[in-house]
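Each chain gets a letter, A, B, C and D, in the order it is written, and its residues are counted from 1.
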Amino acid sequence: MRQVNFTSRALLSALLYCVVLSTVKAQVRADPGIPDIPGYRTIKGDFHMHTVFSDGKVWPTTRVEEAWREGLDVIAITDHIEYRPFIKEGDHNIAYDIAKSTADRLGIMLIKGSEITRREMPPGHLNAIFLEDANALEKDDWRDALRAARDQGAFIFWNHPGWSRQQKDTTLWWDEHTWMMENNLMHGIEVVSGLDHAYYPEAHTWAKEKGLTMMGTTDIHNPIGMDYNFALGEKRAMTLIFAKEFTENGLKEALFAGRTIAYYQDNFYGNQEYLEALFKASLQIQEVRKSGNRFSVKVYNPTSIPIKILKAPGNEDKDFFRWLTLSPRATDGFTIVAPEGSNDDFVEVKWIIENYKSGPGESIAVTMRFDAKQ
Amino acid sequence: MRQVNFTSRALLSALLYCVVLSTVKAQVRADPGIPDIPGYRTIKGDFHMHTVFSDGKVWPTTRVEEAWREGLDVIAITDHIEYRPFIKEGDHNIAYDIAKSTADRLGIMLIKGSEITRREMPPGHLNAIFLEDANALEKDDWRDALRAARDQGAFIFWNHPGWSRQQKDTTLWWDEHTWMMENNLMHGIEVVSGLDHAYYPEAHTWAKEKGLTMMGTTDIHNPIGMDYNFALGEKRAMTLIFAKEFTENGLKEALFAGRTIAYYQDNFYGNQEYLEALFKASLQIQEVRKSGNRFSVKVYNPTSIPIKILKAPGNEDKDFFRWLTLSPRATDGFTIVAPEGSNDDFVEVKWIIENYKSGPGESIAVTMRFDAKQ
Amino acid sequence: MRQVNFTSRALLSALLYCVVLSTVKAQVRADPGIPDIPGYRTIKGDFHMHTVFSDGKVWPTTRVEEAWREGLDVIAITDHIEYRPFIKEGDHNIAYDIAKSTADRLGIMLIKGSEITRREMPPGHLNAIFLEDANALEKDDWRDALRAARDQGAFIFWNHPGWSRQQKDTTLWWDEHTWMMENNLMHGIEVVSGLDHAYYPEAHTWAKEKGLTMMGTTDIHNPIGMDYNFALGEKRAMTLIFAKEFTENGLKEALFAGRTIAYYQDNFYGNQEYLEALFKASLQIQEVRKSGNRFSVKVYNPTSIPIKILKAPGNEDKDFFRWLTLSPRATDGFTIVAPEGSNDDFVEVKWIIENYKSGPGESIAVTMRFDAKQ
Amino acid sequence: MRQVNFTSRALLSALLYCVVLSTVKAQVRADPGIPDIPGYRTIKGDFHMHTVFSDGKVWPTTRVEEAWREGLDVIAITDHIEYRPFIKEGDHNIAYDIAKSTADRLGIMLIKGSEITRREMPPGHLNAIFLEDANALEKDDWRDALRAARDQGAFIFWNHPGWSRQQKDTTLWWDEHTWMMENNLMHGIEVVSGLDHAYYPEAHTWAKEKGLTMMGTTDIHNPIGMDYNFALGEKRAMTLIFAKEFTENGLKEALFAGRTIAYYQDNFYGNQEYLEALFKASLQIQEVRKSGNRFSVKVYNPTSIPIKILKAPGNEDKDFFRWLTLSPRATDGFTIVAPEGSNDDFVEVKWIIENYKSGPGESIAVTMRFDAKQ
């Protein structure tokens, strides 16, 4: 690369009349740093969002660009089949078709989906994803719409089950939902919905009891930056999927198998198994030093989400912190004092991980073992 | 207001199953704090923006909501007449019609406008605002389109005159622009355009020489939060209009009369008269105390934009700062030492206000007089 | 104010060699917007902080400047009497004496205080404020130190009662604390401590049961901006005091009378009475319109803290939201549908205010009445 | 790692009484991403700062912690020898001695330094770094103080040469500075000083003409977060040193050899050679594709600082942007249209890099060659 100096006169005149060159907003992809877990790839998805082709406020490509910026791997645009106040377009595949090339360019996996929409509960609203042709879902009877989705191999989930417009005071399970499950017409449920930035404790319980896949979605209608205060650290709701492979098939298998966590802000909602695996993958032990009966530990949190640790019952013979928050992308240190006279080269403690929620009012309990370096 | 305590049991069960209640993003209107100037109301406007009805990515109502949040008073949606890749709709008034009720609800003045669009320069792109019927501008010959706008009483301005796709290396004035001015077909020019977050020094000069109204616009296509980094303090481009009354007529009269400043980030671009009036309205003298020949001054900057002051030549007999930035919405203090033996109860100094730009490479000069309280 | 134009040459040369004028950080006082309550002024205080005269990292005047920026009204610097690893200075009043003139200049009320420090529990650490001479507290026996403080009329409170270094697994109440209360040697307790950014549920319960004043403090040692992430919206811990008058005497009377709330981040900790009064003062009803049996309500939250509302049991005959977060400094609207056929011009609803905590796992319950405008 | 589930009762009681676990401020080191240049390691340093041992407001260890957080590699604490209003301590090495162990623990290189302080110009203030014993600099005659520093092998530089308290209207060079240079008593000059967040154009010119090393320093007295608005993206002033090895000797050799750039906010100040090397190391060409005479280029900016590019004169036969800002840590793309009929597999363009300043009102010019992949 050769370099030439221009005369200072030319430079000067160029600069005197210099334009304003501002810091244009970086087109940067934020990485939440959520790790894979043993045996599975962790896929970050949002399977509920709207565009001008139903009652959303943005063009389909914008949903892909937002997803890319916020660190998602996969999205489904799920415009209402039955409610299209803005652009009434014959083909229900249109948002997918418009967004596809942008998704390909940015490396976002785009899944075809639709929202089957009934004003009243039951059945309320359900999303069907992995569709081949969304038009087949335009049916008078919602049961027919669900069957049409199932016949395309769709994964179907119940949206915002506690939405006050459909469940006035209490989040109820209806006979129709039992019927759907019996007929292979409902596979998942939103445990977290961005519709009212809410967590539904009943949905969390049902998911565990009935074997429904736990979903976290934004249900975003506005430009995402209007509803989430990213500048103040708010995080977008999403579903973490633990897939055998990073493909659409891998994703689908994992969703049907129920290997997910619903995530929003500082909290992970799931069952003990995947929460514990994710927690342990998210806690990197950097150093354990032993001096007498004192273990000095350094750990690193590689994610953009804090890890909130409580001392659990059952540690009476050891002395360490009663609570500790591991800051995002930071190294923290602490000391564990083992019982006097203990000669082990390791120490075990019991923790509750407060923001890894295995049920309403319940957090995961883990036993951690720290081995001092030899 | 009477108050009742519930049983603690009910409370407890309510809370145990408590939903996540996040800090939903505040729907807050940001006020840049730009003051009126003597004799005029200061109206903050953006007269260049797009929706899905041309090549923008959002629904028309979103433009109104963005404007409300960012503290604007008036906007014009100006979709291209000739370039509508997304939604091809017969009626060119449609974005206005859709957005009107939202504008009324939020108290945003909505002006009907369109962008007359020719790929090549001349004439490039021009905006016409205060239209009655945008459909009349759909003409093969751009001259006819401009005449149709003029015949409706429109205010017409030249968009992004230095855009590299139309002005390869140099921002040129063409004979056609002379012809437009001679035929009352061009009244303003964008001195600042958000299209490439740029200031056009040539446009600034032409505006002053030829009597064109200076405009600052965003030309926004994306959701505004995707292109402006508000979290890092970036400010939206806008036009400040100094109107005799806060009405559409008042606005129109002021635009035709050229009483504007183009604003973007930390910089105001205009002519000396309005810049100086705005600067003086933006500097609130809170206190002047005299002790011997020392004047202690406290000033407040009520705006969200810093004021950058340089000592000008001609202050040799006084001693004070050589440069000073008055922080946004903050009080700053400084001392001016008058010549020894001076008995006056006031002191005069000469300043250059670096970010109030009266031309390319030129900032306004002001003389400030500080009167000590008796 | 006369104004003079300089020659363009002078201007040009001034600008060509122009300095960088950056946006210097605004010395702005943040106002949390917390209102007074009926009958009382609300004073915002922090009564636990350190400087280089014990084990803090900053000069005393910096504590005052930080307090001013963060919107506090009153502070006490409370360096350890017994632990001064940095600057060993004979006079324990020195930090107060150094900071006083800065406090006077900025309008911050500065209270003289000290931390009586014993490594082990009991008694652990206690703060004494409203001292006349801190030197009198330098005693071998902590009982003598507390007596010396009491004899100066000090208000004394127990610091970080759940700190793991002093309370290994469980936050215990010791006989010594009973003795202190019996002897008028302990009047308050930290319910919130910035020492480990923690809330102590046991302290909250004891305060209510035993009549101790609830305190929220930072116990800050570092520059405050190193420990609080203000950019991400973290809020400083503080004590809200409800005083009959905004004076040191008014403050002292209120502290001894127990009229306080401990505040940190999004949460207020207190008892039902003051929490409810503060909540009601913080919810401004802007508009109630009735149409048939529907009441449309607009409310404004004047504070910088969200208000998190849950529908309580006992609203079965009405239809409205199940949860709602009122964003800081924003207007929100909602609809309440009264029973059909209801002819009243008002409607009453029962809410739980989730972030106004009246005890561990307990939030305040309120009945709200909305009167439609005639 | 074995894992045990606790009974839900224990968990529940733990959580019911759960403490507040906030997001404690991350102790994270920010990496500005400034690359090495060919042949040299790039060391990021700040060699001018104060503690309570002169007129600064913080304890020496805090300066090290701040430096670590802000991504610096090396600092010198340079308390005034002659002005110690806070802590009058006999030994001028004390701040270094106190901070050393923290610096070692965090991996910050700590250089011993002092500020030789005379109220009036000449000589004003000078920093001496790489001292062995700072006490030797306590001399009545500033010439003796400088000689004592030189005799220890110190690198000496002139501080804030344009500070208005010492240079009333104009930044003047005095005979004394000539004398210092002739006697090997002055080796560098502050081109950027955080004292008033300023750039000194005269110092930039003198550095180039007279062979002084260009320095950028903060001269920080407050906690750094009080003076820099990091939340709004303000960057700390620093000196970039191009060293043959990352050691104290390597640093010293580079400073005496003048291989530095002064950096602050978005701007680099230096001479053409190092600025160009740094720019070219900061622009990563990710992809060049040729189609006909069109070259599509993708570049990545690995730094946290934007790169502001202007088209220079001399590109008349090519068509590309007229200005372009490369956002921090982001990939940008652009197209260069070579002359029709051109068969080359590469294209050359001439750019001005607006924020790489080689002198007052002067930016570096570079020729860039983009080779299409075969």
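Just so we're on the same page, a residue touches a chain if its C-beta (ideal position, glycine included) is under 8 Å from a C-beta of that chain, and two chains touch if they have at least 3 such contacts.
Small disclaimer: the values here were computed from a predicted structure and weren't measured.
J.: Consider the two chain pairs B-C and C-D; indicate the one with the greater count of contacting C-beta pairs.
T.: B-C
J.: Approximately how many whole Å separate the CA-defined centres of subunit B and subunit C?
T.: The mean C-alpha positions of subunit B and subunit C differ by 39 Å.
J.: Subunit A: which residues touch two or more other chains?
T.: Expected reply: 16, 18-19, 21-26, 162, 197-198, 232-233, 322-323, 325, 361.
J.: Just say which it is for the chain contacts: an open line, a closed ring, a star, complete, or other.
T.: If you draw each chain as a dot and join those that touch, every dot ends up joined to every other.
J.: Which of the residues in subunit D end up touching subunit A in this complex?
T.: 1-6, 8, 10-12, 14-16, 18-19, 21-28, 233, 266, 272, 276, 280, 306, 308, 310, 312-314, 322-323, 325, 327-332, 348, 350, 352, 354-355, 361-363, 365-369
J.: Can you list the residues on subunit D that touch subunit B in the complex?
T.: Touching subunit B from subunit D are residues 16, 162, 164, 167-169, 196-198, 232-233, 311, 315-316, 319-323, 325.
J.: Touching residues of subunit C toward subunit D in the complex: what are they?
T.: Interface residues on the subunit C side: 16-26, 52, 56-59, 61-62, 65-66, 69, 86-87, 162, 192, 197-202, 222-223, 225-232, 234, 264-265, 267, 360-361.
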